[in-house]
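Before we start, here is the structure in question, set down as structure tokens.
Order as written gives the chain letters A, B, C, D, E and F; numbering starts at 1 within each chain.
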Amino acid sequence: MHLAFSTWPEIEARLKTSKTVIIPIGSNEQHGPMGLLGTDWLCPEIIAHAAEKQGDILVAPTFNIGMAQHHLGFAGTISLRPSTFMAAIEDWVKSLGRHGFERIYFLNGHGGNVASIEAAFSEIYSQWSWQGVRCPFALKLSNWWDLPGISPLCARLFPTGHGSHATPSEIALTWAAYPQAVRDLTMDPPIAPTGPIRDALDYRARFTDGRIGADSSLATQALGQQILEAAVPALLKDIAKFEAEERP
Amino acid sequence: MHLAFSTWPEIEARLKTSKTVIIPIGSNEQHGPMGLLGTDWLCPEIIAHAAEKQGDILVAPTFNIGMAQHHLGFAGTISLRPSTFMAAIEDWVKSLGRHGFERIYFLNGHGGNVASIEAAFSEIYSQWSWQGVRCPFALKLSNWWDLPGISPLCARLFPTGHGSHATPSEIALTWAAYPQAVRDLTMDPPIAPTGPIRDALDYRARFTDGRIGADSSLATQALGQQILEAAVPALLKDIAKFEAEERP
Amino acid sequence: MHLAFSTWPEIEARLKTSKTVIIPIGSNEQHGPMGLLGTDWLCPEIIAHAAEKQGDILVAPTFNIGMAQHHLGFAGTISLRPSTFMAAIEDWVKSLGRHGFERIYFLNGHGGNVASIEAAFSEIYSQWSWQGVRCPFALKLSNWWDLPGISPLCARLFPTGHGSHATPSEIALTWAAYPQAVRDLTMDPPIAPTGPIRDALDYRARFTDGRIGADSSLATQALGQQILEAAVPALLKDIAKFEAEERP
Amino acid sequence: MHLAFSTWPEIEARLKTSKTVIIPIGSNEQHGPMGLLGTDWLCPEIIAHAAEKQGDILVAPTFNIGMAQHHLGFAGTISLRPSTFMAAIEDWVKSLGRHGFERIYFLNGHGGNVASIEAAFSEIYSQWSWQGVRCPFALKLSNWWDLPGISPLCARLFPTGHGSHATPSEIALTWAAYPQAVRDLTMDPPIAPTGPIRDALDYRARFTDGRIGADSSLATQALGQQILEAAVPALLKDIAKFEAEERP
Amino acid sequence: MHLAFSTWPEIEARLKTSKTVIIPIGSNEQHGPMGLLGTDWLCPEIIAHAAEKQGDILVAPTFNIGMAQHHLGFAGTISLRPSTFMAAIEDWVKSLGRHGFERIYFLNGHGGNVASIEAAFSEIYSQWSWQGVRCPFALKLSNWWDLPGISPLCARLFPTGHGSHATPSEIALTWAAYPQAVRDLTMDPPIAPTGPIRDALDYRARFTDGRIGADSSLATQALGQQILEAAVPALLKDIAKFEAEERP
Amino acid sequence: MHLAFSTWPEIEARLKTSKTVIIPIGSNEQHGPMGLLGTDWLCPEIIAHAAEKQGDILVAPTFNIGMAQHHLGFAGTISLRPSTFMAAIEDWVKSLGRHGFERIYFLNGHGGNVASIEAAFSEIYSQWSWQGVRCPFALKLSNWWDLPGISPLCARLFPTGHGSHATPSEIALTWAAYPQAVRDLTMDPPIAPTGPIRDALDYRARFTDGRIGADSSLATQALGQQILEAAVPALLKDIAKFEAEERP
């Protein structure tokens, strides 16, 4: 069930039987010469929408802009400051919490989001913690590549050149869902350098075409399809586990 | 051209010939018993994506959550505080401005967003105004129903029962693009009451099913298609006018 | 009754019979070569103070600095950022609401304030909306020129050259109340250009002497008096209507 | 010269010979059973406006709402949070600084404002301090009762019962300027208690009618006139000293 | 008793008999050619820790960074913006208040902190004041040099050259506690100039070696010991007075 | 070299040969029935101060309060909101960066700090990233237990009952440095439960005495000494590596 494609009485009705909602969250940022700017919000959206067809889950609209300050040296990147990102997450969560959702699950597609999302969770919880009142909802963040079994699969599919940004696995995933995403380019060097992530100019100086440690050209639609088919049941299982967790 | 479905070198290349970008912006909020929660972000997205097929424009990802505090009494509504909304708009704009975009056009789908978007524009401009430096970009907000010719068309199509929230015109527009959006319900009363908009409980007490002044059941896919076909050239013309505007 | 010229026991007493308060709100900003910097806060103050002599209303101190970032290129302009303006409005409103005022009416004198004031109202209401508690007060914004009958009167008095900034009507209004405000100058060109409003340097480049579309020199004290005499009963009626409005 | 009653070209002209501006700043808050709610912004305004008639100074509009959280238990008090107050002071100062004012002098009427104004000054300065750039303007805060000679005069006029809130001196000052301000009441007890200032309910419990240590009924118009006549030259001298101060 | 060197059950137990906590608060900022950067947080810490040995008080960790924007022109200074400082004080206070502490006493070592700490207190109190609820704790700020008897003692020990920054008294105090702090230098000029405090570059231009009005070289360990021995009982008495204060 | 125990000329001199500074950062929060409230800021301070005796490093004052909202259900915990924590980190970093420090190394003692510190780094960097200017300094966060070799050592020393909060390794470390920290208690159950971390009441319900997965009673001073002796060279090596890193 898609929240945005439902009416309010339909959501009100669903809340009688399930109080869980899934939010695909990512970033719109450069992904090297071959990867789409939308890669990081498309990946969790692709997985969540595919899962919605197979399981009884409720998927919210995609939170498509995240924390990507280090990519601002490349055209097309749109970033929120961590503080803005955190405020927006707080408002999404409180809106959903107000309707009675008790388990709010973020499926994340961007490593650079993790710290800000976790900090946002603490900022939200702290409002209850200082008052000495129980927070009525539980929050969970899962990166799609950390879903059970996915990282090992990616490592198996791309034993070299997987890297950590503009990876063949994320690019393949977007190709599986959007054939128009496919680009046929040669990477130079084949495997991009690695290093620390700091400000945008530092990033651009280190990683001249945007990739980190990855050979994006290893991506194929078929491999993306394989990842997608593994990620869907993994996501459904992970959500079920979250729903089953007892709250003391 | 879709920004999220492009790579950064493609956007960098485009910036050599055009410095304009279009952002569909809306809200995810109740739209009465028949309208989708996503109506207000779907409408500008539908129009912008249709326009992208006919004209040479660059469309950013959709800004899908807006200022909908008054709808929080209805399940599924997700709102940002005005202050959060403004901060997020600032970050989007500054990200795009940093890459060299000089005309940033917001196509809006939610009346409740207007004040906050305009306030955000002022907050952004003020940073240049206090420094006595020229702001490198120009911002424009257009509501899709205010595109040339659209309001009169909607009035003609729905001479009674158009109203101002959960209107048959916006619902029809979503139906034209998404057949699964169609619902067949009888409205009771056929035409909803009108009144001022304040906090969420006041709203729910005044407008018990969420509609304001509208008979949503007048919507049809065919009428939505008619609105869409009028809105696309109107949008392209409005963007062209914005691009042609001289900056002193 | 003037709040600032009352004691607290007098206000406490009044609250037993009336829970309405009027706040004149404006801006201190350039008004072309003839208009006072204070024009936009003086106009609503003049009208509200005149109305106070004729009707039983309670008038708060004037909120004299608003959102005028676009005028910062002209000496003497004082502006708040929208975010500061909104925070201040919130504090005024919550202070008055805490004492039991239930209808808080802003009589505004500056078009550039409207978006920020409306956004502030939403920011205030949202604090109740998220908690699911009814906001104890209602807020209303009226521009003095939008009071019933005033715009048509101004259009009749100044069929050409009214414009939208440094208008002869607002200048005439200040002259009616403050003879020392009168300046005798020739405008060049007689009617100023029009155009969009952006940052301060853009504004100064477009509107070199500060006026927009107006021939300020059409103002006379007599015409200002005429506007004032029409505005006073219009304001009293508008307040009465606000007070009579039922809250569900 | 009054800034609000000038045009922008007049201020631009003045800036060629003087770069100093005076801002009366106060608070709108309870002043016991006899004192006006406006006392604290009226007093500095009265003194500054009287000084403007005698000396060549430029007076800005009055900043009429300050930090009065502790008085919120009494009807009619309007307070800003310290953080809002500081942001507003920053915006006033930066607006004036942008036009070329180099000495910005706040004449304050409310003891409760002092900490927030000083903190605001530091917040403003810090923006230059971190950048290692010289701040182009100097800020000064003077409480009217701290003007040379005023405190001793007040102590002489009111050897007992002067106190620190709703003092006979500040009330007398408003009476000297506004005869309609005069109230004839007996204070009970004649001299109010003293104690620490904390939150609003604590305040109301300690100081039941709002006064601290003061017998407001000692005020007379004649004594107010005497204070005013001493304060005007004291203010002009203090401003002259500020203007004469060398900046290294 | 030291809070940081206790376990939570020990603090829980103590709260049954005493609800008071002492927070040493200062700044890390230049103190001229002889004074330690830590002087302003070391002094209150030294006094509070010595007092803890003699009286039954609970001392929190030291709040070691304060508002020192004016010292940023000298290497090693670390400053918080007033707004950050205030937010941090609010969080400390609310954390302690949540556990049931009802008297929170700040022993301050930096004059430049005073305005921001007082403004923070008002910001904290105001949250209760607007809600009309009694704040459950009382806050008190004492500068160590304002403890009963200390200023006169310092004036007696250093009849000339005490000054107001990098004073021999504060430096002597650090020497008494930390012999490694002692430096043997000649001051040039012996007594530093005085003047107003503004931004960092203005400060550095006025006070070239960082001192204000002080001859730091007058400090000795023995004099520091004398001050410490006077300050300890003065602090214990001041805390006892705070604890004894009745709350209405 | 200790920054707080140096004078500004000494720091200015050091900056000529080294531009690196170490900040011990932690939290003041419950650590079960045996662990000190200060454990998490004491541990990095203990290691950094020991390292300062062996290597040529500059150690800043300890940042002793962190993000501990989940521990607020236990007496003595002091927490900053993530947003406050981030603002404070920004001010520390910008202060040090202004003096010319180019490598700012945080040695962290609290897992709950990590997300907020990383988010703060991004907030800081983003200010340069949006302007397209290179950030003049590099930031690094290391948790002491993640220093090379330390985690494996702790696992070896405590093969069972190490857990993740109030661990025997962190408690042992404080005992090694502060004999008065030692407590002799029996844990019940010996090994505490594990689970997710959310708001304070949820935490207290899950982890009734505060520990997570740990048997704190396994700590001994000797084991703490062993950890300390391993951590010191590991820290010095990690700093050297950070200093040696080339910046493109």
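Assume a residue touches a chain if its C-beta (ideal position, glycine included) is under 8 Å from a C-beta of that chain, and two chains touch if they have at least 3 such contacts.
If you want to know which protein each chain is, UniProt gives these names: A, B, C, D, E, F = Creatininase family protein.
For clarity, every value in this text was computed on a predicted model and none was experimentally measured.
Any chain bridging chain D (Creatininase family protein) and chain E (Creatininase family protein), meaning touching each of them, is among C, F; the list is complete. Common neighbours of chain C (Creatininase family protein) and chain F (Creatininase family protein) under the contact definition above: A, B, D, E. Copies chain B (Creatininase family protein) and chain C (Creatininase family protein) of the same chain sequence form an interface built mainly from equivalent positions, shared numbers / all numbers used being over half. Centroids built from CA atoms put chain E (Creatininase family protein) at 54 Å from chain B (Creatininase family protein). Chain C (Creatininase family protein) and chain D (Creatininase family protein) have centres, each the mean of its CA atoms, that are 25 Å apart. Taking each chain's centre as the average of its CA atoms, chain B (Creatininase family protein) and chain F (Creatininase family protein) sit 47 Å apart. Counting partner chains per residue, chain B (Creatininase family protein) has residues 72, 79, 81, 83, 95, 98, 130, 132 touching two or more of them.
Chain contacts in this assembly follow no simple pattern; the graph is neither a line, a ring, a star nor complete. Across the whole structure, chains are in contact as follows: A-B, A-C, A-E, A-F, B-C, B-D, B-F, C-D, C-E, D-E, D-F, E-F. Partner chain A (Creatininase family protein) is touched in their complex by these residues of chain C (Creatininase family protein): 130, 132.
For chain B (Creatininase family protein) in complex with chain C (Creatininase family protein), the touching residues are 67, 69-70, 72-73, 79, 81-83, 86, 112, 114-116, 118-120, 122-123, 125-126, 128-130, 132-135, 138-140, 196, 198-202, 205-206, 245, 247-248. If you check the complex, the residues on chain B (Creatininase family protein) that touch chain A (Creatininase family protein) are 3-12, 15, 28, 30-38, 41-42, 60-65, 72, 74-81, 83-84, 87-88, 90-92, 95-96, 98-100, 178, 180-181, 183, 210. By the touch rule above, chain A (Creatininase family protein) contacts chain C (Creatininase family protein) in their complex via residues 94-95, 98.
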